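Alright, structures below, take your time with them.
Across the two complexes that follow, chain A remains constant while its partner is chain B and subsequently chain C.
And then the complex of A and B:
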């Protein structure tokens, strides 16, 4: 552009600005009559529940009048309404204690997302093309009903539900709906699920649930790979307790040791970081137990049932002597001994296992080993130890249908799909499951898919009909937390705002379908609000409680830890102690370590721009994908930071920029999960690479859970011409810079 | 080909002229140049560069703001004088919050659901209501975004400042018009008289 053009352009811009200044653009759209009483300029705070992860933090939502561009009766216009403006933690809530994580803060963007599905859609193009046509709710409901009525009564087991984990009344409703319909239980899909730990806790302690850690009263914490401050279990509750543990007791600052091959955000907070080899965390735990037993600091019987589950426990775990496991774990025997003595001598001490150590083929063994270590120091149910949250009697038993891998295999192997109609609720297995499971192909064989999704993603793009759900600020939400507190909690929150778009809440749609089916299902509730109220009625009586519950955001009260529930099962074989990896170590020398991204968790939050621009707390990278490799490994391979490298497993290849990190073992390559979406709103599509797409499909054999840490890879530098998306760092990454202070 | 001085430096001369003009404007010299003073009185001692365009800055400097054209000729005089409504009956949040609030059509409908008088203006009201639309009232008062003025009605009402102090005698008006010019001078004078804080941050934040 030369100067003359520049002047012309600025003159034109000036003229436009003048015009805009004269007109009154805000008056060009019609204004609808407000639907609720409003006091402009005055904020109210209403309770809510965060639904972005399963922790179930209680929210306080700032609601103020505002103007929303909406469509009513096919006409666009402006509506004055109470709008949610800010999310904070609810100070009274036993999980969030008034705090909220960065993901929760960004949760407000779910409601106002520009790519939200605003009204029912019917597929017009081929599956996966993303071509849909907007239709009315009447049309959509009659289409859904005719499909469901079209299932012959003898064939009713061919209705399937594929959902993210649902707690509280949504879970109860889905179970009831399927049972009354005559269909099998729902298939639950979650990439970073905790089935292995639940199973281990059931066997060791009699609780099939996630544990809560009483960090605030603990004096020594040893964590095996658990990112309990960042992405795992109930991170807000545990971060609050962690703050108490480190700074809340004058004169007593507990020690925190983190054993993991890649330093997580939680690991970065530790006093000591122990780079144990992947898949040997359980061996390390038993070696610690061996030292404690050998030094006669505890007796083997102290561990009770949890100890009996371990081979060789009663004889002092002779094969786990520190010298014997030093090579396997990659740790010096003296260090193991020191850690063991510290652990036994600084009670109450707490061992935590979570994340990658559970995602090996020997995950169950590793969890049982750490459980035994906890039981040995006698911290279960004790102050400063491991607690199990008492749950009021209104929660759904975990929906336990076929797992996704088996379901997909069944569909692919039969000529007529065993699922004729699939209801899809907020699960994205096409993005999140390993290619070997062939989930997309299996879903393609299902004749009709109805999705309740609020956004088009890789899986809901395969749907034939989309009945968009409200956001969690627009609908009744309830939750019965599995962990994070020692209190008995039922979180309940009415909608904080009216729906922006032509959406309907999933449970209400399900109830309505149930009422209109031929013959109708005998669901005892008229709508979801009534269902939640009916569930609350069975909670211990309090005067005026329903109103109070709505104002404070739930019901909670002190309760003793529940009694262990020892379910008798046929004696199973002791789980394998040795981790198996996919890919021979000669061909694929590196362990591939995908981890839940702090911003996106399993990728379900990659559509929120605030989270895209959130720098990773350790790597400082944002808006992109990266692979973390050890600087020494990088030097050997001639890789410098920002180089595009190729990561190759038996199942696929990725191209990502390299990020050199001192906090990773030399034989490990780590990648955050969450980017690499092909089709997930304007902010996430076509950005970065998806590490899950090169994972092997191996599972932990007894629970069937995906062993997402069991893939081996090889890496190599690519030529300069092959550019993956660039590495975007907020600061200089993890390299140390020398600074001169004058 | 060699070009003339003016041809070569046209853009520099243009900038120079613009700079000279802005200096004149800044110093209030425009009044002297044009002899215009009646309108320029409105905000003569402020020329803020905080405007979204030069045109806006210039029109603000001359105190020019388009008069609001209301969709319905709402008679304030009738409602206050004859019906004896209070301001607060319709501007409901003036005692409670920062904004007085312009009532939406449901407020009108409380009384006008049944026709009270024959009037073309009430017919308009009914037309809006039947279409499910709110009345697109236009703003009468207000500051530019760029001036960063924040005003809170409630404390002024609590202190007993009469509505008419800032809004004129609305009892005499049909549709509200800008009877009082909300210049900074106007605000600060009153604040000083009443010993209210006159720190910048009282209003600009």
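And then the complex of A and C:
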């Protein structure tokens, strides 16, 4: 008997004695001897993967011993265990390079959140009331199984999955589960999705994936609305490269130009900020190409396929002369000409499109136009240009079932819902979809909803049964990054700590359900760990690599850029070039510009207190919603900072405090997405307003993606009595003498 | 020679991402104060990113500047403290000794950089948020002033580690939480007494300046100005 076993035995005996002799449950003690070697005050570091956005940054988690108050089998006690204390970037990881963004730093609060769902819940009140009863896992699993067995014997096609995007083995598992069950593919919902750009990249370059930007070796970067240093694509990887682009090369500092109607955190860093009119970014890109072609700096054939997709490309884009587009884009023709020549003469040059320009009804055209500009200067796959990450062969194809709008329409139009049981995984479309899609109403027609959510939000409040997932620090996590590196990466990390609550990992629950269905699904894995291990086995590695992968947090290696895949990319009609807006400009004179907020992204992080109290870098506001308007516009309407204004679209009305900002065009009103939750933990519920709730449901027609930048609004000042949530600004210390300018 | 800790902030690299701000919260057990107290200007951010607008639409620029305690050599916060809670360490840090502090707030009044924060209430960590607390950093209670420490717990750990391994502290061994997380590598920390350290070299940059240096506070944080692009510069090859 070694020392550890000795302590275990004596502790077990002691625990029995303690429990028997103690009447007050609060004082009862469950003693667990930690499996891991923990020494008081000594930190160990374990790899992890941040799961707050799709970038997939590798983590290094500081773990120290501690005592957690837990409940196990109805009994309260204290569990001595290794606790995550701090998240850092993993210095060896090809995406994070040892760095982590503000949201990732706050990610530790997901695990320790006071409002986490701690064990399975069964709904007791009406849907949406938030009334639930705690039940045991046995009860919960048998209820879920009886529902699924019910539809398995009736109509297997009536099982649905609604999930956030899943990369890596979670995505493989969900696809396999649905296929083996005989159900249609999963519906993926993401507010700020990138379907439009993937489709454009597939057509222009043969890669249906997000690009990586080789900023560190670029000499000229021209971005159309992309917040690539803040909230979009792979912000940590690109920020690391951005630092090098600025000051990493002695004697060479690239120029960075940002074209957008509202200055983003990324745009604030530009050497030149170009306030182009919303929806004309693609026209601007083609005008730049026109100038380059006309000056004979490149030939039109240099752009290859990407150029052929554009009408009039081979004849020099005659209709896009700078004089012809000056009014539409709001930019002087001389400026367009200068930018074009700079772009062509300072190679390697790189054009980036992301965010709002893709979220217009002409988003696909705009992306194809910027792609053609990139192809014209020949930067695809080249140093300082546009790269596509080689993905190891274990990644799931993107889950691609019916999109949410079609699914909701189908449910609403049929007398018996085509989905009888819905599995809901970490997606919140009731908060995040436009009212015209009527998602809440459609979900209401689904007889039974099972959620894997860790928190009650607007969508999981509609669930009948909640099987709470582990946090990303408590479960096996894996990811195959889509962008952010030129290396081939499969991130894999074992659990950092033992689960705090009585939760179970979603993939393990799915595998267990598959095993216990009548008849069982033939899923080849006993549990998720085994599944991840089996996937890794196909990677080119020598024996012993599984252990090494677990220690370093994944597998990665150099690889050439993948070959383009031109399957199904026959020449198609050129998509619409003009952006259509919802609302007549006479009645609704302002463009409404919702944007992913620095703290909360799409709103999924509004429950973390550190992020609520993080002052927005551009607005400096905390705990608030606000609407950014140009000071001149405000003056014309008699609005001063902090006034409550009403924003009205064809689809709804919001009341928010006004924030005067010089970095926004006079005909644009911008609002960060993230606040305005009705039901999302004590920190976010009932705070601020949700800009998505007044959006039009119009889409980019060829991809079906929501055109979230295509809504027009009118604004007006409200009387003081109509107070929305106040505007709270960080004043940088204590100024107690002055209560008004905060 | 004793260490003299300093930092350089390259404003040409800084993107305003605020990773440093939350990294500081997580490392130093900084609680949230909630919306009501935040509205009174009592939010605690030892590290903040200030933003400055220049010009008017459409010719508008926005500049970010991360601001933390400047660890002044001649610190206005120190001589005003009646209990020597605010004091100078042998390595040049402006230390705040919590159990000496009686909450006069003279130091916050004297500080020109607005980087001292007073605890008007006891911090609240709604369970189980308390499990994230860093055991290396003490929790500040009601009535006590707090401020950036340059992550002194990491400095001490770095020195102990080096000593245990029988060597001197090397440049780059010690990184405060903000520096470790800084995505664009804008923040660099090190020993100003070592002329070859990265921070010493950067502090000598012709782009360098100190915040409000005309006050004579002799800060140990150097800001490197953001550059402007010039056509000739862009065409020059490295």
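Rule of thumb we're sticking to: the second predicted complex is superposed on the first by the 685 of 742 C-alpha atoms of A that agree within 3 Å, B and C clash if a C-alpha of one lies under 4 Å from a C-alpha of the other, contacts with A are read in each partner's own complex, and residues count from 1 in each chain.
FYI, a residue touches a chain if its C-beta (ideal position, glycine included) is under 8 Å from a C-beta of that chain, and two chains touch if they have at least 3 such contacts.
What you are looking at is a predicted structure, and each value in this text was computed from that prediction instead of being measured.
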item	value
Contacts of A:147 with chain B and chain C, given as first, second, both or neither	neither
Partner chain(s) touched by A:80 [first = chain B, second = chain C, both, neither]	first
First (chain B), second (chain C), both or neither touched by A:714	neither
Contacts of A:305 with chain B and chain C, given as first, second, both or neither	neither
First (chain B), second (chain C), both or neither touched by A:72	first
Superposition-derived comparison: chain B or chain C, residues of chain A touched	C
Partner chain(s) touched by A:253 [first = chain B, second = chain C, both, neither]	second
Touching partner for A:39 - first (chain B), second (chain C), both, neither	first
Chain B versus chain C as contact partner of A:294, first or second or both or neither	neither
Doubly contacted chain A residues - partners chain C and chain B	41
Of all residues in chain A, those that touch chain B in their complex	3-4, 7, 14, 17-18, 20-22, 24, 27, 30-34, 39-42, 72-73, 77, 80
Residue numbers on chain B that touch chain A, as the complex places them	11, 14, 52-56, 59, 66, 92-93, 96-99, 101, 104-106, 129, 132-136, 138
Residues on chain C engaged by chain A in the complex (per definition of touch)	10, 12-13, 15-19, 21-23, 25-27, 32-35, 38-43, 45, 48-51, 53, 55-58, 60-64, 67, 105, 108, 114-118, 126-135, 177, 180-186, 227-229, 231, 233-238
List of chain A residues in touch with chain C within their complex	41, 64, 66, 68-69, 83-89, 98-106, 108-109, 111-114, 219-220, 229-230, 235-236, 239-240, 242-243, 246-247, 249-256, 263, 265-266, 268-269, 271-273, 275, 342, 345-346, 500, 598, 609-615, 617-618, 620, 622-624, 630-632, 661-666, 682, 687, 726, 728, 730-736, 739, 742
